[in-house]
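Given below, in the form of structure tokens, are the structures.
Next, two complexes with chain A in common: one pairs it with chain B, the other with chain C.
Moving on to the complex of A and B:
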């Protein structure tokens, strides 16, 4: 279990001038980031900082009703305002543009096939509070808001439907054209579920709720759109995530070819965590306005818009879990049912209801699984992705029912888990759902976290004497670990499962599977430095650092000899990009590949220059050497030769195939369009919680964690990702929620109500690592971005259960967030 | 509404203010409703002043006014008339080298997306000016009005401690 990388450069690292240095590799080191300087000095250009000359500003009039007919829109007063440049309504949008693509194209009911249409501005009906109804443009944002205030919209309010369970009854229907609120559902079974449940000694059942949360990056959405009449095309700068994948939501809406809508993302984005994938509405509206006015138009979302109607909330799920177990503590079968409240429109990330299939039984060896979901529409803002992409609620619900089963079987919950862990000797392990865990010793991780807990019992936070004393004050301490898997590096072929004819999937074969590789380009500059071009966007993950580190090693250069830039959506091929804990693996694979291409290219240019065969030359230490004579050409020389010959410098590209495509083991999952995540990072947490039964408050005294994400390419960045994920998991577990009242009014529209953890709320995180390389990836790295968000909420919930175990409260953490109000309510039943 | 900010010609009423920003005097005609954060970003072109909420919770817009850190989204430019403002741009030394706090944030990996960073750096500056070697609890209290969504704060503690050590050495 140790790092194996760095041998590729044949043990030697060299500086650009060709002088030998101590053998050392940059990969695997906690190299400080190249992104930092511009940020620390205030020079970084985020989207909010981009304001071209002559730029106008847009503001939006949003619905204050959750559900209403729009009977009239009077724009006359707004248009009369001296600063008003443009007023756009659904009527204008419908006249010249298309509806925005939707995540569910056809809705099947007994009555036939229904559809859902979403325009960039609400048409005759408003479906959630905060839905944009009118767009106005003026000289600056202050003036634009003045103009927006003068628009008069008349509504006739309708009954809203505000939660997933009620939506199922179809009493109020969000989209009449769909005919139902349940716009997608599927029941998948694996193994022999009926037999397992009939034959098991016991069936344990639990119901759990996961509240609406989101990433809430500090930077809100923003866009600057410029229409160019000469070429009849658009340039759009936006902090949208996955701009080379989801740009269809923009060009399809505008009715243009992909090449005529160039979407660029600034190198610095103020956080996204998945949540900026579906902000295309703003791009579309700004582009339309720019086209009408023939001037650049900018839109900057404000925080209230972002929280109430920013199309960026994530999963809200009601779960019914059943676990079939034998009295000896053997898990026999798992039955998962849930409804996910998607809000008013099913957007792009509908497949986050499916991603849990990639880790459906978590770290447990269990082959009989039933998995059924219903995707419900309600009068709330639409869902998008958030770190974990729907796996976090699943792991939470699963670990809750596992906890409950242990208690009902009267087996220690850790021991119950241990008995069912996947054994190291079974790696790679194929899940019931055909995804594969690559490597790992889960039992060892559980043992290690138990040792850490033992230490806490010995004079630490869990010392029996202190625990007793605290209990007398009404403060209950406890902890309950489990081993939790983070699926990494999604493939893309399965992601349109919901738009495929699912009955026809049985007839697919391997040739029908189409994957998206990761694209990377590199160019040799005349000074001998190298510029790499990413086909994806970044939002704080340090991709520029990672690529410069890896490329420096591959080419025996210094990281400072490497610049890393970004491609726009038209120049880049369609590809997946930064999501699903992909980039460490995909970018490292692509970097190794592009370096090989580059070396081959400069060798062949040099060979041609000397008039010798390419076997007679060799790339070494940042230059190409002619073996026979020892003469050499630097990278800069070669690029100049190439420029003279071809009119352009040395430039290569490489497409790194998704790693799972090379392994037959994944064929079944690919063919059946089931989630393919070929790396399984894992870890175990021990958050020592203290519950104050008088106030219902939960304090995490220290957060222990033991983690393994395979080979660590940059340990500093790996730790940073884990810290951030765990902090977001703590916020999710204890503080954050987008609540709604029964009229569909959002209850958290400022950061006073949507509580983001501050430095006071995040305990000390005590982290240890093991390194089990992935056999499926070039560098041995596994995905790492989402782990903390996936595992922390479940660990905190089970630890709260453990803390309150001495009291007679059944599953106190049966909803997320476990807010003080919720715990007080649960504890009150105890007093009665 | 615009009505209260209109003069007779139908244009917005403006007031002349003079503010010393990072050592330079700036005089401008501004609308009374112009937020200090927007004044700094758009009139002074100091875009390191970040705006994350405009209601005083996130702290991304933290700057120093007359030596004390404030949230610039919560005050108006006219309120800064005659004041001295310092932003993150003012920290960098004339030769372009970083202030010890900036250096410490870089070395400790105390930033990821960086959107909170200007605010944290300015809040740290005030904290260390008042208390050159703060304990973990004092750091917690000093920085509790700033939100970071990326780092989980672990490396921010480290950065503050390392900045304190660097500044002591200077």
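Moving on to the complex of A and C:
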């Protein structure tokens, strides 16, 4: 299939095609975000700003032990405190409510089927430091914290298991009822792996570690729950992510129907990056307390709670990679093995271990793949999703072993990559794992990044003279470009398949696939402006801007004529939401669709008003014209007519189907536990690093990146996403880690220990874009929400190895983060 | 498990020092952050100790049992401490060794399981804070001894069936 501009859908004009239309188009322009004014002027209302009258406040008593029997809970002193309104323990929760849904309900072992139960408060055993054991409610948070201190919990501590590799031995089992710590595992093979490995000239092996890293949003979790006794239902305001998809974790726990638990997310959320998908514990506890007290109850997570026990850590993996290669530099086979330390409970993102299958061979043409994982429970806080959703560690481990193979073959690593890149003529390209890359010239991107590096060698950061001078000071400069794929627009059916048992999965076929569409509503107001209603929440992505831009173009209005509002979980249908680099594609598809519906609706109303056929009228520039006479009605007029006739203004909705369902090419991808991500943003990175071998510190002098995410709907938002992602990738690569000591005590529970990159650590990012539209999406856009975090760590690691190549240290960046302490440890062996 | 140890040389003999190191009133005076110390029985001490590590300043309710006592050589204690958001369990040993010039080297060591914010927030400072507290303890002790006000050994080892800490405080 051609990937030229001609495949673009109508209306997706952008700056490159030079038509007259584009100068009038808002889409494709870096329109300033409509959200920013209220955020920058302090007018944005976050969950933490919401405190209804009569509101009480909750605090939590958390386990200080990684693993302990809870032998007694004495609440008498707490209850005697004058400000104490309520004390909740597991006993209370169990009497009236349900366990919280877990990501894995059944665990299969040789001994039979085990189970894992998670209550909102720890029952008889505490399983990680920070696990809530008791909830207390008081008139204000200060009092609530004082009351919490009066609860006396008696523990009998147990040996903890604190890393994935040890957890595999099952000497200490986190959940006795499961019978094992390895609660999920798979070994999937594609192509002829055995033959590839037996036949290849060489097999290169590497072991890599990805530390416990996650998103740390500026705004912590928060909830205000209000029970209404008259209707026996709940209103829950909170900053949960995916509020229409994961609201089951709240209403199932409470034991209520979805319609009786209205979850609303404020229009402004101070970042999530996946981490707030799993804040349901707080929502459940606040709702229970509100029901018991018949008053609103608020809970705001503090920073220590967030870092220590906020259920928000992400992947921690030990990888063993093998790459089968021929001496001529042809990749023949890939063998991936890893264990993921999932923490104490299997939460929502169990399929984080599977998402790498959507980009299993990165940009390389390689069809023989073995992929095996074990998901291990340990006495640490539970994993949630984080930007990249498990792909970031995979790309890192893969790029490391690719580099190693090049060195062992004595081929330039960039040339080795080039020889194995998927060719543009093979697009769309079906991976070994059935997912499809939509479009792109990967070689051209790598060529461009090489040109940029060549420029740096000529008087730039890599000028040989400067490199030599710096080296004399112990500062080693280097770069090794690596390639990027960012899978976009996950479907939801994959999650259902992942949770099906093996027999049910075997019987499933294409007919059984049900993807959740993107739902969008639009209403015409009496003043002629249009209000759109999103069924998905936002945590800073700029949905309001995107919908304003697109809808303005589709309806020939101004973005200022468009208001964008949000639906709560009961009013909105269940849909996936903002995750998995979905929204640019899903929301733009839905916006184009809802605009067509709206035009048809106002045309029909106008035609009826004039008593003519709808072919006799036409929508044009914000009004409907009667072709024959030139009479016209504005949008406001039409909505008023509609109101008079029907009692409600013009209102339409549209459901944009997941793009992969519309293309037969994907039929084979909707099987088994294989992920389907129909867009593949791509690119290449070349961060130039300088490693101080005396301190182990890594300075990124400049971060070069060439990126392509298809049609750019708003280049400013695209760049912002990439900048933010790269910043988080730099933090992951060099600074961030939720370390634990051997007793399971967390070592990074403040921002003094969990180091986030600041302006000091973020270099100048030199970003270039190309635009290769996706043939699978309405606007040609590809998902772009997770790039940077997915690819920056890998490219920083390969550059560090390249910088230290003159020294005899084998793969110094064999763990993430590459902290100064780690590099010094590796370099010290040289000095001995 | 955290391990601490050190030694202090003192010019007095073991026999002179022993009463001071086994007199709860002197211990209460010298133990840093000690707000209260009660000899419940010759082998049981309860105390309230405020320990500040960085921004964390929990006040521990401590139960200690003398698990071994060999005049004038060895004193061993087992202790648990409870504070909001913090707990510890530890065993501490003090050994007195004669020097050639009739002085004494007081060797001490402690193994502690510490849980909670004091270790999560203070782990980087815990060692240096402990060392500072111990050296203050010894210098205060030195001052008391030099003041020559006298002391009375009041501690005894717990009978074997009570030496298990869990029986005492569990």
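One rule holds for everything that comes next: the second predicted complex is superposed on the first by the 802 of 832 C-alpha atoms of A that agree within 3 Å, B and C clash if a C-alpha of one lies under 4 Å from a C-alpha of the other, contacts with A are read in each partner's own complex, and residues count from 1 in each chain.
The definition used in the following text is that a contact is a pair of C-beta atoms (placed from the backbone, for glycine too) under 8 Å apart; a residue touches a chain by one contact, two chains touch by 3 or more.
Note that the structure is a prediction, hence the values are computed from the model and not measured.
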Q | Contacts of A:750 with chain B and chain C, given as first, second, both or neither | A | both
Q. Once the shared chain is lined up, is A:309 touching chain B (first), chain C (second), both, or neither of them?
A. neither
Q.
Looking at A:129 after the superposition, I want to know if it touches chain B, chain C, both of them or none. Which is it: first, second, both, neither?
A. second
Q) Given the touch rule stated above, what does A:46 touch, chain B (first), chain C (second), both, or neither? A) first
Q) Quick one: chain B or chain C, who's touching more of chain A? A) B
(Q) A:65 in the overlay: touching chain B, chain C, both, or neither? Say first, second, both or neither. (A) second
Q) Thinking of the overlay built on chain A, is A:155 touched by chain B (first), by chain C (second), by both, or by neither? A) second
Q: Answer with first, second, both or neither: which of chain B and chain C does A:727 touch in the superposed model?
A: first
(Q) Going by the contact rule set out at the top, does A:773 touch chain B (first), chain C (second), both, or neither? (A) neither
Q: Using the touch definition from the top, say if A:103 reaches chain B (first), chain C (second), both or neither.
A: neither
Q. Both chain B and chain C touch chain A; at which residues?
A. 149, 750
Q) chain C touches which residues of chain A in the complex? A) 62, 64-65, 129, 148-149, 155, 157, 304, 308, 741-743, 745-747, 749-750, 753
Q: Please give the residue numbers of chain A that touch chain B in the complex, ascending.
A: 30, 32-33, 35-37, 39-46, 48-49, 51, 81-82, 142-143, 146, 149, 215-220, 268-273, 302-303, 539-542, 716-717, 719-720, 723-728, 750-752, 756-760, 762, 764-765, 788
Q: State the interface residues of chain B toward chain A in the complex, per the touch definition above.
A: 1-2, 10, 31, 33-34, 41-42, 46-55, 57-58, 60, 87-89, 92, 98, 102, 105-107, 109, 111-118, 121, 139-140, 143-156
Q. For the complex, which residues does chain C have touching chain A?
A. 1, 84-87, 113-117, 119-121, 123-124
